[in-house]
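In what comes next, chain A is part of two complexes: it sits with chain B in the first one and with chain C in the second one.
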Partner chain A sequence: MTSQFQAMLDGLTRLRGVRGALVVSLEDGLVVAESVMGGLKGGALAAIGATLAGRAVELSGRGGFGRPRFLHLQGDDGALLVAPGHDLALVALAGRDVPIGMLRLEMLRTAERLG
Partner chain B sequence: MIEDIRTLSAQYAADPASLVFLRLGEALRQRGQVDAALKVALQGLGRYPHLPDAHDLYARILTDRHDYATAFDEWDTALRHAPHHIGAHKGIGFLYYRAGEREQALYHLRIAASLDPDDLGLRHAVERVGGGAEIWDMPMPDAPPPREASAAAAGPSSAAVPNPADPFAGMDGGHDRLLLVDADGLRLGGGLAAPDGRNVSDEAAALLAATTREAARAARLLELGGWAHLTLEGEALSACLLMPSPETSLLAAMDTALPAGQLTYFADRAAKAARAWLERVQ
Partner chain C sequence: MRAVEPWVVAPLRAFVAESSARLALLMTSSGQVVAQHGFVGALDLMSVAALGAGIVASSSELAVTVGWEPFRVVAHQGKEQAHFLAWFDTPRGRWIALVVFGSETKLGLVRVFFEQLVEDLAAAAPPEEEPRREVLAADFERELNASLRALFGR
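This part shows the complex of A and B:
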């Protein structure tokens, strides 16, 4: 299973500007599979992505938004993107000036395959 | 006329770095081979990420796939690279029209028509959206936020008079799609209604402050620089969260089917209104 995830993540990190992509357990924020550039700490990215996804799921529930499909935290120097599934989430970190639309589409497609 | 796909495919195979992908992608799209068109467009964008025509092609394919939010972003990107890109103005105009934003649709369609005055189909579209041929006698608006401009032009009204109790007075969604809270999650203004009409303002308020705190923490730890916004795409509603001031959090919500760019524009306008209100009341 992990090698199957690995191929999916490698497909994402081949996109221009993507510094890392991970499959993360939403329950505990641990890394299930990762493909990250040197210098990027996968464990920290996973924990941060899972925590933010947890908050978003809770807010979506209270606000009646429906199940969250995609989160996009935009900063001046990059973006954190999360596609939460039921138990797992796909988390990616992108640099500045990355076309988020394309990356979002690819992440949603990949997240569908996570189940 | 649809170009011959076999010929274009052969040219593309012979020289994948050429711009023939634009013609091939469009030909495939027009033939209804949307998945193949998408693949060609994404390959082209990978090679030419700053080419406005590549973003335009990708946006048209996304529109065929009913992914209007991403299409809006792509046309927006095309316009950032080329402010006079006819296809991007037409596309964004179409999306605004579809979303019921007539004034903004008209703005973009008129720019496109001025750039290509021989496009009769486009002229008819402008007249249809503008309410008749008289639209050509009207001056072009200077800037795209027509609601603000028209509110200003309407003179003093209840919406133009600041309401000390309501930061979003006069704004669409001011009572059910915009929520302003303080750092403790106490509601300062606006309100939020779930799609079934339930008032969920207070339930969402406490979580809103906690979520923006988490977003700020994530941005700091991941060295993303100052964070601009957190967008949350739900199955029914999408929300854009930001901090109009260091002590407040704002949530702006919209139907998920509407373009993402429109949501951030809505949130930015609301943040400006919130800042102005905070200055008045503090």
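This part shows the complex of A and C:
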């Protein structure tokens, strides 16, 4: 199973400007599989991505507009992207000036395969 | 938050704030409490410290028995709250952290900020001024009472 995830993640990190991608457990924020550039802390990215997704799920539930499909947190130096599933989430970190549209599309396709 | 050693307070306070831990306890590997956040009773605290140190000792021994490195982290996931128990080395010897957290945070976040806590404690530890001395039975009760006063302000 983990090797399947690894192949999915490698597909994402091949895209230009993607510095790392992870499959994360939403329940506890731990890494299930990761493909990240040296110097990036996968554990920290996983925890932050899962926490962000958890808060967004709670917020959208209270707002009554359904489960969020995609989260995009844009910073000055890059973007944190999260595609939450039911038990797992796909998390990616992109550098500045990355075409987010293509990455978003690929993440949504990949997240569908996560289940 | 209370601490027997005052330099521990700032790193532990930062950890509690960032990880959203409900309870946090730092102790030596023999179960002697160094600092605590959130406990209200001395008896609870001492029991939890003794049990936590016992879990770390027994799980480490289990790992050694089957030929593995001692487990650094033991996590117990409950329905309402969870326990994170980990040992780490400090300039003052091996310590154990016991953290109780609920659904307002995640195990992954607690782990991330725990790693930061270990670094912060290593940076904050003052150099030891005098060599460790043997603890005599006559000193034990006085030191225990002093520790309890420091930990509960009584």
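In the analysis below, the second predicted complex is superposed on the first by the 115 of 115 C-alpha atoms of A that agree within 3 Å, B and C clash if a C-alpha of one lies under 4 Å from a C-alpha of the other, contacts with A are read in each partner's own complex, and residues count from 1 in each chain.
Everything below uses one rule, namely that a contact is a pair of C-beta atoms (placed from the backbone, for glycine too) under 8 Å apart; a residue touches a chain by one contact, two chains touch by 3 or more.
Because the structure is predicted, anything quoted here is derived from the model rather than measured.
Per the definitions stated earlier, placing chain B and chain C onto a shared chain A by superposition produces no clash, and the two fit side by side. Of the two partner chains placed by the overlay, chain B and chain C both lie in contact with A:Ala44. Superposition on the shared chain A places chain B and chain C such that, viewed from the Cα centre of chain A, they span 130 degrees in steps of 10. Of the two partner chains placed by superposition, A:Gln6 touches none, neither chain B nor chain C. Taking chain B and chain C in turn and counting the residues of chain A each one touches, the greater count comes from B. Of the two partner chains, chain C is the only one that A:Leu30 touches; chain B does not reach it. Minimum Cα-Cα distance between chain B and chain C in the superposed model: 9 Å. Shared contact residues of chain A, touching chain B in one structure and chain C in the other: 44, 48, 51. In the complex of the two chains, the chain A residues touching chain C come out as 24-25, 27-31, 41, 43-44, 46-48, 50-51, 54. The residues of chain B lying in touch with chain A in their complex are 42, 45-46, 49, 55, 58, 62, 67, 70-71, 73-74, 77, 192-196, 198, 200, 203-204, 207-208, 210-211, 214-215, 217-219, 221-239, 251, 253, 256.
Those residues of chain C whose C-beta lies close enough to touch chain A in the complex are 77, 105-109, 111-112, 115. Listing the residues of chain A that touch chain B in their complex gives 15-16, 44-45, 48-49, 51-52, 55-56, 58-60, 62-80, 93, 99-102, 104-105.
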